[in-house]
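The letters A, B, C and D name the chains in turn, as written, and every chain counts its residues from 1.
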Amino acid sequence: MNQEPAIKLISLRDAATLISNGSRIHLGGMAVHNHPMAFVYELIRQGTTNLTIVSHVSASDVDLLIGAGHVNRLEFSYVGLEEFGTAPCFRRAVEEGQIELAEYSEPVAFERFACSARGMPFFPTREMIGTDLPRVNPDIKQISDPFGSGDYHAVSAAEPEWVIIHAPAGDKYGNILFFPNRQLPEDLDITATRSSANIIVTVEQIVAHERVKQLPYLNLVPRFRTTAVVEAPFGAHPYSCLHVYDQDREHLAHYAAVARTVEGFSGYLEHYVHAVETHDQYLELIGAARLARLRQIGGAW
Amino acid sequence: MNRHPPSIYEIMVSVISRELHDDELWFLGLSTGPQTILLLTRLPIVAMALAQKTHAPNSWMLVAGWIMNPDVSKVPTGMESEFGTSLGNWPAEAFNNSHCMSYVAARHEIDVGFGSAAQVDKYGNCNTVAIGDYRRPRVRLIGPVNQPGHFSLFGREIIIMPHEKRNFVDRVDFISGAGYLEGPGCREQLGLHRGGPCMILTDKAVFRFDENTRLARLESIHPGITEAEVLAETGFKHDYIPHTPVVTPSPSEEDLALIRESIDPSGVLLPRATG
Amino acid sequence: MNRHPPSIYEIMVSVISRELHDDELWFLGLSTGPQTILLLTRLPIVAMALAQKTHAPNSWMLVAGWIMNPDVSKVPTGMESEFGTSLGNWPAEAFNNSHCMSYVAARHEIDVGFGSAAQVDKYGNCNTVAIGDYRRPRVRLIGPVNQPGHFSLFGREIIIMPHEKRNFVDRVDFISGAGYLEGPGCREQLGLHRGGPCMILTDKAVFRFDENTRLARLESIHPGITEAEVLAETGFKHDYIPHTPVVTPSPSEEDLALIRESIDPSGVLLPRATG
Amino acid sequence: MNQEPAIKLISLRDAATLISNGSRIHLGGMAVHNHPMAFVYELIRQGTTNLTIVSHVSASDVDLLIGAGHVNRLEFSYVGLEEFGTAPCFRRAVEEGQIELAEYSEPVAFERFACSARGMPFFPTREMIGTDLPRVNPDIKQISDPFGSGDYHAVSAAEPEWVIIHAPAGDKYGNILFFPNRQLPEDLDITATRSSANIIVTVEQIVAHERVKQLPYLNLVPRFRTTAVVEAPFGAHPYSCLHVYDQDREHLAHYAAVARTVEGFSGYLEHYVHAVETHDQYLELIGAARLARLRQIGGAW
């Protein structure tokens, strides 16, 4: 009697309801790649509030949530749009004193997740010495090396309550497949899933369980650690899902331009998030021809 | 040979290349905005390739920390992003698909980094965090990213910036990259016994840091630029700029040929001189 | 059905399997010596497969921490080593090619581990380090390996050992796996609020730990073994062994069929009963 | 003018002379896999003394060096021969009080190398709580979490002066290629190379530099970090080099049996190490037919 394991494939809407108001969450992806945007839009539609976002290198995933008023606190190293410049809502909210910040250098922000993944409460570092970061961030504490090498900054583990990432594929049981030649954004996502007991993965495609068993070396978030898996094709748009499609540069340039004003941002939010009920409707709004041309053919399996 | 004279970018590439030595490890990070991508990503890539092809065969180039010693002539994009599917197919000597590559930084193995900022001050301190008060800034910037480590863990930092008065300030509003802080001895007092900025390279001039005063010192002015133009756009005190700058040397004919024919043959990285 | 009666190994597999619950994460580590490989690697693998095929479909099996939920019926070796080229081709649900898999241990996510030792004491403390004085031991053993974490980070530990008098001692000479230390409250005092040994399984009997005294208590004796045989080989004080043990239940016909026909069809893992 | 980088391919003998008496070294491999045995034999032939070995899960690589009297101090988690039982020389030396020990649990011993690779001086852990390890190992110190989660053991980074590993292939410049579907022994080796500035790699085969450029994702010890590369086919014998050949079980059983006595060990050492001048002679001693049958055909590239 071979019993079937639990099916963890749920709808985008049901997945987003797992996040309570006031949660401490990490959104995967880095710079202009692999952010779980479909999930971000759904969080905004559901009105989830008072979020703490623990992050490293974020873009409009975080900028949208801040602009729409869902974020109380941000632990991070960067919010920006790379070639498309600064993140307008983040900038506005900070200039107006609307969100609490705890900022770190980039490798330290990465390491905070690795630290949670290793079950460590904190780690010592000297890389922020000389900067003003420890002056403005009370969570950068002092510690002495008990082996005598002197003083260090102690930084706490990331400890996200929820980690949400976007990945290429998964099965209905929650096994998640990655590509073999991963880049930093994908690797950081894998580490991030190991930093929390509560993991939601949106995937480009649900594949047969047999496919997972053919590629066990690429099953880097096995189902025993996945809380829920959601099928969301082009779920990172307007960002790239590496190896699957490129970022939508036209769309990102448009966002960077209109979000410079509160009015422009509101219009964007209304058009692309609130006026849309489902992820499929979002894809129709972007359009088949545009999406078709963003695809990268000849992936890595 | 009857070449176009060197462009300002080719002159800057040549300055960077001469600053890079053999047996070194060079690190290039993320840039924000098209102008920074040109100055801080494209120029250093060409310069690193030029150094490797001339005087530094045993150096090692970390592009975004994960693409190692790529064949720069075959760059598949304009480096608008550090990552991307096509960058993963860039012919290179090694790729590192994990953030473990940061180990070379944490272990103090990186010799040279490249940095930019919204503000740099006379001691080479850099600011990518906030202009004005940190809690209620006049302008909130992108965040520290990797800049703290560039100035604390690396052997030296080449600062590359557009030469504008507002960017060159007497004292940065927030230190995200520790230059010489408030002057001689400050780094050492914090245990920063190596590293720090070695140069500010702009589209107009080259500054270095005086070994005694630790102050930025105008070393050379690029061909075609006047001293008055430089001083007008340099926001920190003129006292610190001895009036004996020389003209920045132009790249040799051989270097120009390498840049234009071998390294950037299709002009993806450096804007092409017209005419 | 007219089967051979269950072997001692099949009885032990059945005991282990019943101790494994659904929705759990199970971890199997390294063994040293042929007997330990049989008891501590092969038996638990068969038991984990049996549990998954009967009552624990949502459990997850970490073999050597890197082979996850393999198809046990297709095991390519006798598991003489945790690693090996052919193990990498074992049909499985997932492989983890890095020591990052230890994250599930450090994060207290592992529910059950399997352990053995040269000495176990009445409080379930285990010793794989040294017999006699640590600095000049009478017998130096293999070292702690992963045993400390099995007893401090995991949900519970199933100790599996050959039942010999010299292995069952009143007090271990060195604690490499922390059982209930010196009795009630000791673990809690050190902040070990969960975990610890749940069972000592031998080729003769099953011990559990009394919830009040924390002492090993003889729970059942395997079919065909006498109480006298058990007590003769149990080195720790008889006071701690209430004389009310039952007979260890044998596996059901269905479980035996699963073991013999589905899980270990070619007898690579369990020695086959003869006759 | 394309200049050629420095050639780092040297002889086994020259590589072993890089290790001075009294060095703090790490030998790669784990359990019965991938130990740099050819290098170990050469170290013994050269008589390098007073070594400190910083290790995790060792076998006869360390047992031989201890038996031959080259080791003063051992930092480790395990010395044993897996199915072949305990490590006889290690056992004898410790029972006679001949070497200094600092022992740790296995993940902690692994983490010490990751800690060096991350430039951290120490890390906090609770996994050895309740054991006698902190009592006997003065290098396990106490530390408090500055974020208030209580007391931890602090363990220092491994900080080996030299790391010597055995790998499948490399080029003459010191780029080292690994297989894509690596197992823990290989992954630990890669981490170990990142824990030190001085790295010697013995490889099964020197391959053309062009091959490295075809497989850049597998170049996981790039040449800028390699001090020297040595060609040593079957260089892990009698252990396996994963994907290339299996362990020589007959040889290991023989070692485990004869090394139980000082005389037996001396005979083994004389026969397989001292009476042999070069690695090629060692291979002839083992014999072509034996080696041919240990090979694994159909590797992973």
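Rule of thumb we're sticking to: a contact is a pair of C-beta atoms (placed from the backbone, for glycine too) under 8 Å apart; a residue touches a chain by one contact, two chains touch by 3 or more.
Only a predicted model underlies this, so the values are computations on that prediction, with no experimental measurement involved.
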| item | value |
| --- | --- |
| Any chain that touches subunit D and subunit C | A |
| Minimum number of chain-to-chain touching steps separating subunit B from subunit C | 2 |
| Most distant chain from subunit C by Cα centroid | B |
| Chain pair, B-D or A-B, that carries the greater number of C-beta contacts | A-B |
| Separation of subunit A from subunit D, taking each centre as the mean of its C-alpha atoms, in whole Å | 38 |
| Inter-chain centre distance, subunit A versus subunit B - centres from mean C-alpha coordinates, in Å | 30 |
| For subunit D, residues contacting two or more additional chains | 118, 120, 125, 181, 191, 217 |
| For subunit B, residues contacting two or more additional chains | 95, 97, 102, 105-106, 153 |
| Chains that touch, pairwise | A-B, A-C, A-D, B-D, C-D |
| Residues of subunit A touching subunit D in the complex | 111, 118, 120-125, 139, 141-143, 145-147, 149, 152, 154, 156, 180-181, 217 |
| Subunit D-touching residues of subunit B, taken from the complex the two chains share | 25, 52-54, 57-60, 68-69, 91-97, 100, 102-109, 153, 254 |
| Of all residues in subunit A, those that touch subunit C in their complex | 1-6, 116-120, 175, 191, 194, 197, 212-213, 216-217, 219-220, 222-225 |
| Subunit C residues within the subunit D interface of the complex | 30-34, 37, 64-66, 80-88, 95, 97-99, 102, 105-106, 129-130, 134-149, 151-153, 174-178, 181, 187, 190-192 |
| Footprint of subunit C on subunit D - complex, ascending | 30-33, 57, 76-87, 90-91, 94-97, 103-108, 110, 114, 125-133, 136, 150-151, 181-188, 191, 240, 242-244, 246-247, 249, 296 |
